[in-house]
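What follows is a set of structures to go through.
First subunit A sits with subunit B, and in the next complex the same chain sits with subunit C.
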Partner chain A sequence: MTSSPGLLAYLLIPLFTAVAIPFAARFRTRMADVLANVTLLAGLLNLSLLLFDPANADSSFSAIPDDGFSLLMVFVIYLVGLCVTFFSTYFMEEGSGVARAPYFALIMTSVSAMCGIVTTGDFFTLYIFIEVLAVSSFALIASGERTGGLEGAIKYLLLTFPASLFILLGVAFLMLTAGTFSFEGVKTLVASGMPAGGTVFAVSLLLLGFLIKSGVVPFHAWTPDAYEGAYSPVSAFLAGIVTKIAGVYAVIKIAIILRLFDVKTCPAADILMFLGMLSIAVGAVAALRQNELKRMLAFSSISQVGYIVLAAGIGTPLAILGAIFHLVNHATFKTTLYLNSASLEKGAGTSDMTKLGGMEHSMPWTSWTSVVALMSTAGVPPLSGFWSKLLIIVALWDGGARIYAVLALLFSIVTLAYFMVMQRKVFFGKPTEASRAAREVRPAMLAPVVAMSVLIVALGVFFPYIYAYLVDTVAARIIL
Partner chain B sequence: MTYHNLLFILVVLSAVAAVMARDLLLNALMLALVSVGTALLLFDFQAPWAGVFELSVCAGLITVLFVSAVSLIRREDGKVEDSRARFRAMPLVMGIAAIALWLYGIPFFEALENWSRFSDRTASLGTIIWDTRRFDLVGQVSMLAAGVLVIRSIFPRRKK
Partner chain C sequence: MTASFSLDWFFISLIFVAGLYGMMVSRSLLRQFISLEIMSKASLLGLISAGAKTGNLALAQTFIITMIVIEVVVVAAGLALLVKNYRLTGSIDVWSLNKLKG
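Up next is the complex of A and B:
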């Protein structure tokens, strides 16, 4: 069962490409990245024409098929996928020792699995695609020659395995208590007013599994190790989109579809909000103490996921719109930052922040695109991150969770503080030995981050269009 | 009831042996015994679909794969030399778990049975498994593709 049959092609075509890549690469190795890039670019262009047609705003987005949430997520998956494959094409050329054909084929399999996750209409299929994504991610993290990759991959597998177990148990209990796996079936059952204790229990198990997969505190132990140990472009893929689709997306989906959070007696909503706030706080404070760039970004990612989970917990339509927009924004700024950390590693030979400084002189493009992404993460207006955080905080205030709203605002300032510290350490200040010897990476490797930075600014400047899209296609069609 | 209890004890003992054994072949065979015991329990609980899959896939196919893999490994590599001292507390932990399950597990599953009457029981499991599935088959094809690609991605590098 799929909730969005029109989007099936976006799932099947990358899968065909993944199968075709090993055969095509036998004739010429470069065919692997050509096929991956062309497939993703074609899909992205098609999606962009559909999403950003100026006529949409006048017609209340009537041309957008199905629910706008799935379509937006497929767009983000293709966008991050293309940035990572394009960057990897040139990152690899400089001798990283990664098997090219399986690497690109696995990225395409992951893209296909993520599209499956966001277009499915039932929990069983969701579970299967999440497992496909976990298996592909395991091999992707282990790519590259560093032993840290394999260690990170094993940690990822072992620590997210209990999550899969909880999801599977949740699916089994759902079958037992609700007699259906489908989102609509469960929604109808909950809405019918019959005692939903069993269904709530099953959904709570599912939520627990998805929260572990999201890396929310206290289930965050695996994220910094996996992101730090992974092959550098894979960190961007993992932090930018994979863990968000495998965990956070499902949490938002449960909040939307089941409407469990309308019922204030349901403690799941309160727990979700508490864990969200805890993640914001722990992630922000831990990020302040890191010296390794990728680890700091990993903790920042935990903190940003906290905002999304907090919004899903309050569950009002405005909060859900804020959570969805923050998910999109997180994909754009975190992909930029991780790709730039890979460039820094390549250009300066280290990502240790104590050894970097004044990178703005030797790597200006990398530095300034990072600054844009950092400011968006911290919620500086008029960048995209500002609007999503504003929506979440206003929704929390409106929904009566005023303490959470104030705390979310305060920790947003902490986020700004640690990014200011990082900017001073890495990009500005006195050049160090490593930064004097550093050289800017080639333009092809800068293209994805420049495009992402433009998008970060554009999403902020054209926020009214994005808000209208979310209201007309998400709030009107699937929330209200 | 005695038959059930004996099967439960067989499953638990085989599971413990599967974890504790030092020989990889014995690990694999004990795991197969867990699956056989579970399959027999499933048949006895009128769950033939689950029983058939457990017996054919877990006890059959996976055991064949494990035994084939173990036979490819040299005998001296098959011995696990790490300490088993940490497993000495296992009987105690299992005892506590058994008492906790006896106290809380049974009432919990009884409550679960009450919840199950709310669900629509008109469709059989067979109907649900075979007739309402379309899209997840794509997922399973993806899983096969991912499995092959993972092996291609990891093993050439390990050869070095």
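Up next is the complex of A and C:
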């Protein structure tokens, strides 16, 4: 049922690894993380060869298989997956409450489920993979020692499981009214004219489900709790990629299928834009007043998801490109920030911002990679976050939503404000008791965040290549 | 056929709303979880009814069977969380989940 059969291997190999890990780890527990890392690294190298082949730019990316969006997403999934597994390999202590074999097997299962989500061609398969992803993330969130993880997992279960039911009802309605639920079928139906009310209702139910899953503002109650309570490397996995693929990816996909911008009568687009703006505002304002680092990052994540949903709501090709690029950037900088918060917990013993200060002296690498990621989130020019926000704001202005464009720009400054406050509290200023005692974490734990920071800078500097990729594959092949 | 179809959806909505009501008013985590399952059964019935109406019954049945398998896994994972929570906190009250806030 996949629309891109070429990408099926990226789904199946992690699944095989997930099955193999418990057997391999039976006698030597370290085999679990070796297997997970090797699988993801091999996949990532393979994908990079496909994506960053210099010959691509000359042949306008004709070597890329049918759907550039899926390929890019698979690349990001593998990238974040590798960073998280590599980090957790060294983050886990021997004899801690987290068992290696199930932990890595669950991570591989969720990588596989996410690849399924991004390569599937119809709503029902999408639903199945989202459930697989949800179940493995319940277990992952609860895997830490602290009871917070359990609480976060239960909240995640009770508040996002109704979303799955809305998606399922949406699928049922789609079967009833449109007679099909493949993306292509719905797309043809919409392209041939304004669809019947029943189809719009069905797709709105699907949209509601995906918005709950992505944690947009009226439905955001579970997001900070799940991110804060989760076992630290799992928060990076969850915030960086899992909830983005489970919710935001599908919202972008629906925006592409429905051609929201062409079908101007469709009020779903207005609601989507309004909710996007609301989450930008609420996320940014709530992040200003947090003291716990992980919680602040969670609210910042809500705010960044708002930008993506806002861009999906306006739905012009430029806005969709901006949304996709922002999704990629969000994965890079949020993973860096969450992994660094895990390092802070390990190195300084706390991630409470009131107890930290002057960390640039004791943990220089952690501090400076965080600063790079923060500046990218806030949209400081040479870095990648600037370009995606620029694309989104220009698309909003062009699409006639000028008030939204101005507001998005203003809240981008609020983003800078709360990150400035956080930087001053945590990384700069006078060292406190906790930070004087802190030591930098080992180099192996710094490697993923340094690699991500380099990628953030590279995505910003080589923006023309990325833009050409997005225009030639995504815009030319699936939007137009 | 038509009469049975509208009757189907009458009961589907009834079951769904009953589940929703249970989720909203109950304070026990276990009851909330049961209500969630009731809602999910309503969605399953909706899918099979839609399949019967459009003549895609075989397709709908395949989906239902897949769905049932997924449901079992979700129930197992959810109950595991609830049981572990009960062992740690000794309570199944929703308001016992109040350690994370800010």
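In this section, the second predicted complex is superposed on the first by the 472 of 480 C-alpha atoms of A that agree within 3 Å, B and C clash if a C-alpha of one lies under 4 Å from a C-alpha of the other, contacts with A are read in each partner's own complex, and residues count from 1 in each chain.
Simple rule for what comes next: contacts are C-beta pairs under 8 Å (C-beta built on N, C-alpha and C of every residue); 3 or more make two chains touch, one makes a residue touch a chain.
The structure presented is a predicted model; accordingly, all values stated were derived computationally and were not measured.
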{"item": "Touched partner set for A:Asp225, first subunit B, second subunit C, both or neither", "value": "second"}
{"item": "First, second, both or neither for A:Tyr469, with subunit B first and subunit C second", "value": "neither"}
{"item": "Which of subunit B and subunit C A:Ala139 touches, first, second, both or neither", "value": "both"}
{"item": "Touched partner set for A:Leu15, first subunit B, second subunit C, both or neither", "value": "first"}
{"item": "Which of subunit B and subunit C A:Phe386 touches, first, second, both or neither", "value": "neither"}
{"item": "Which of subunit B and subunit C A:Leu106 touches, first, second, both or neither", "value": "first"}
{"item": "Touching partner for A:Gly152 - first (subunit B), second (subunit C), both, neither", "value": "second"}
{"item": "Touched partner set for A:Tyr78, first subunit B, second subunit C, both or neither", "value": "neither"}
{"item": "Touching partner for A:Phe411 - first (subunit B), second (subunit C), both, neither", "value": "neither"}
{"item": "Subunit A residues touched by each partner, larger count belonging to subunit B or subunit C", "value": "B"}
{"item": "Common ground on subunit A, meaning residues reached by subunit C in one complex and by subunit B in the other", "value": "124, 128, 131-132, 135, 138-139, 142, 173, 175-176, 179"}
{"item": "Contact set on subunit C toward subunit A in their complex", "value": "16, 23, 29, 32-33, 36, 39-40, 42-44, 46-47, 49-51, 53-54, 56, 60, 63, 66-67, 70, 73-74, 77-78, 81-82, 84-85, 88-89, 97, 99-102"}
{"item": "Contact footprint of subunit C on subunit A as seen in their complex", "value": "124, 128, 131-132, 134-135, 138-139, 142, 147-148, 150-155, 157-158, 161-162, 164-165, 168-169, 171-173, 175-176, 179, 224-225, 228-229, 290-292, 295"}
{"item": "Contact footprint of subunit A on subunit B as seen in their complex", "value": "112, 115-116, 118-121, 123, 128, 132-136, 138-143, 145-147, 149-150, 152-154, 156-157"}
{"item": "Partner subunit B, residues of subunit A touching it in the complex", "value": "1-2, 11-12, 15, 18-19, 22, 97, 99, 101-103, 105-106, 109, 112-113, 116, 120-122, 124-125, 128-129, 131-132, 135-136, 138-140, 142-143, 145, 173, 175-180, 189, 194-195, 197-199, 201"}
